[in-house]
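By written order: A, B, C and D. Residues from 1 in each chain.
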Amino acid sequence: MTYYYNGFPQSEHDEKLNLINVDQLEEDAKRVIPEGAYYYIASGAENEWTWRNNTAAFNHYQIVPRALTDMEDPQLDTEFMGIKLKTPVMIAPIACHGIAHKDAEVATQKGAAAAGALFSSSTYANKSVEDIAAAAPDAPRFFQLYLSKDWNFNKMVFDAVKKAGYKAIMLTVDALVSGYREANLRTQFTYPVPLDFFNRYLGAKGEGQSVAQMYAASAQKIGPKDVARIKEESRPSYLY
Amino acid sequence: MTYYYNGFPQSEHDEKLNLINVDQLEEDAKRVIPEGAYYYIASGAENEWTWRNNTAAFNHYQIVPRALTDMEDPQLDTEFMGIKLKTPVMIAPIACHGIAHKDAEVATQKGAAAAGALFSSSTYANKSVEDIAAAAPDAPRFFQLYLSKDWNFNKMVFDAVKKAGYKAIMLTVDALVSGYREANLRTQFTYPVPLDFFNRYLGAKGEGQSVAQMYAASAQKIGPKDVARIKEESRPSYLY
Amino acid sequence: MTYYYNGFPQSEHDEKLNLINVDQLEEDAKRVIPEGAYYYIASGAENEWTWRNNTAAFNHYQIVPRALTDMEDPQLDTEFMGIKLKTPVMIAPIACHGIAHKDAEVATQKGAAAAGALFSSSTYANKSVEDIAAAAPDAPRFFQLYLSKDWNFNKMVFDAVKKAGYKAIMLTVDALVSGYREANLRTQFTYPVPLDFFNRYLGAKGEGQSVAQMYAASAQKIGPKDVARIKEESRPSYLY
Amino acid sequence: MTYYYNGFPQSEHDEKLNLINVDQLEEDAKRVIPEGAYYYIASGAENEWTWRNNTAAFNHYQIVPRALTDMEDPQLDTEFMGIKLKTPVMIAPIACHGIAHKDAEVATQKGAAAAGALFSSSTYANKSVEDIAAAAPDAPRFFQLYLSKDWNFNKMVFDAVKKAGYKAIMLTVDALVSGYREANLRTQFTYPVPLDFFNRYLGAKGEGQSVAQMYAASAQKIGPKDVARIKEESRPSYLY
């Protein structure tokens, strides 16, 4: 079934994926997600030279199996910054999961928790940090921060994520303005569904805004002093 | 002519191949072998990155000819572990030759013997080690072992291959579970024809099982002690 | 609207380009510029091996962003040979801009000035150095010189560019004859519109000549003494 | 016009080629030469890995132009083993030019002489060494030798090429048997027109033979003693 938000078709459909690999998932997704939204997920900046070269470089990290180790049933569980994980996988912070499904980050958090992976939530999530946390109360999660020019907004964010039990704040320092994402320009992409923090604080829902417009609200000038101030004002509970 | 085993079409056809190179043989085979069975032979694990890179790396071993050597009619015969071979080629152990022809490993052993190559027979062969040996009594051959969790099964295997005159046991240590073979998953491949050792010992013929199910009967925990025990229990006749 | 010069269609159309990247501009241009003229702009010498390898090599100069620099609104303005530029971009000297638009180098100079880039004008420009200068009197510009066999022609050129306020002369030393441009040979390209200096001095307008014919008027023998003589005879005003 | 020799169409057509590059010539030739004959010229051994890699490696020898050399009208004339050449190009020895044109090596020698290049003639030429020499009496040329098992044949060849004024004998030492040329196997290529030396000496014309059959008459066992004997028996005139 498909739900329409201001004309944007959002899937409400739930079924087990017959998933063989990620490339095939990308092809399958392309058939069901509107073009502009699909490329918001699946494209990179400029002519994607860096993206392609990153992928090629990553493929050269080879997993070399060992033999005759006298070991049965190897486990993938690990520990990251004191957090126990069943699998060494972290869901990177990605804006606006609502493009792919109406349950947005709530659904992704549930899946991550089921797999024992670490979830991380973007400042530009559709769902509230409280709803995401409630989806899997015992699972660990991080919060990704686009620092705002407005420290009142920042403080409100810190308080909300602390209260919701997020384990850490990940500060974005290499994307202070939007990348020159050519596929988004070609499709004239704007966020089709509301983003929680914008709705809550700015009275603007976020949807209908381009990526570049969203970034305009963020701080472009970030230095070591800002990091110190974030640390001070957020006082992450796990440090005390 | 084609024979049908439980609906799976098995060639009974014999003719001299007009074979120019191996790539062309692969194309020709694709036209006559059912899709799932074809990809059991012709595909690799995951997205085949390792397979492609292995092939590329292998191509860099260059055969550099020498000139003015005053030599006529060079011979390719060589010796491998004390075994004289007319050609430095070994048929790698491959499961279930019956996919390609009803005579399965019996036919492959005949061809290998005619070419003076060393044949090696998989634990998952369709034909019995005795029938394979009878196909070319004087030709050398090895046996590939997926160690079973059940040492009674292992002992039965050792006795059978020794009695059949196999020269060596090749222990598989790097494939204790099935590879994530995407092409097999896509075609939902199961072994279409019976495998001798499963039929003989387990009362299960093996056909209708997926590759993953087959591996489940194998030992996943293998270490140096297992190697020593295999050596002791198999007591290869050529060492005495 | 399109203007016809001796049958060659020259665009008079002005509109803001909806430009996403340069590759797309190249595709768009291919649709509106006649084939021979398009390849005069878009092709390289021989089988374009050097061109492709230059592009690949250039892509390996990577722009690595820094983070946490406490800097806002970074500026691209720079200084090149004492000339202040708003952007570190220089328009390379290219012959015969009239292929792309009737306003030719006058339009390119206006665009370069608007962007704060350095313009450079080819000896084979369609427009006069005076008209180009008048298009953006305060903008900096260089003049590219194909040295003529005829020093009277050269002196005339020096005087004209000095009077028009050009800041420097760029001497071409690596293209004393035309490159073997295969695409131009295939389309039998000749300059379709007049080139100012040929018109002014030689009484020949230049159009209807092949690239090879144009080069025949240039000096093929150039050495350090010619560089000294150019320096002496041109006495660039910014040195005094 | 086309001449037919035993059903093989041989061009008698002469016209100036509108030749832009060698790749285009190869495409043009493919349209007029029968398939098997075309691939005799245009294919390599095995799966052409070495051929492709040789071409790629050769492309890395870069011709780097110098500038400001004060030189006009550079000349390409050079000297190779005491022979003056107008151009540093040598026509490699290739069998059976008659595939491409009825005038065969006589025409190629004329073209090489006109360009000032060094021609070299294969043992498997269609035309006699005397006719090739007569086509350009003053031009330099070499003779390529597939050494025969029969030294009477070899002596006859030496005497003929010396008398015809060939400057050197090039001994093939790295192709004592035919390469595994897959394209020739696929098209079942046999020489379609007579080869002079086979006609003259063996009473067999050579046509209708496969490349492998031709090589069978050659010596496969060649060492330093053979080189010395060739030197002694051929006594190249330019050494005395």
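The working rule: contacts are C-beta pairs under 8 Å (C-beta built on N, C-alpha and C of every residue); 3 or more make two chains touch, one makes a residue touch a chain.
Model, not experiment: these values are computed from the prediction.
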Copy-to-copy rotation for chain A and chain C - C-alpha atoms, rounded to a multiple of 5°: 90
Interface numbering overlap (same over half, different under half) for chain C and chain D: different
Interchain centroid distance [CA atoms averaged], chain B/chain D, Å: 47
Distance between chain centroids, defined by C-alpha means - chain B, chain C (Å): 66
Of all residues in chain C, the ones touching two or more other chains: none
Contact pairs between chains, per stated definition: A-B, A-C, B-D, C-D
Chain A residues touching chain C - in the complex, by the definition given at the top: 46-47, 49, 173-174, 182, 185-186, 220-227
In the complex with chain B, residue positions of chain A that touch it: 20-21, 23, 59, 65, 67-73
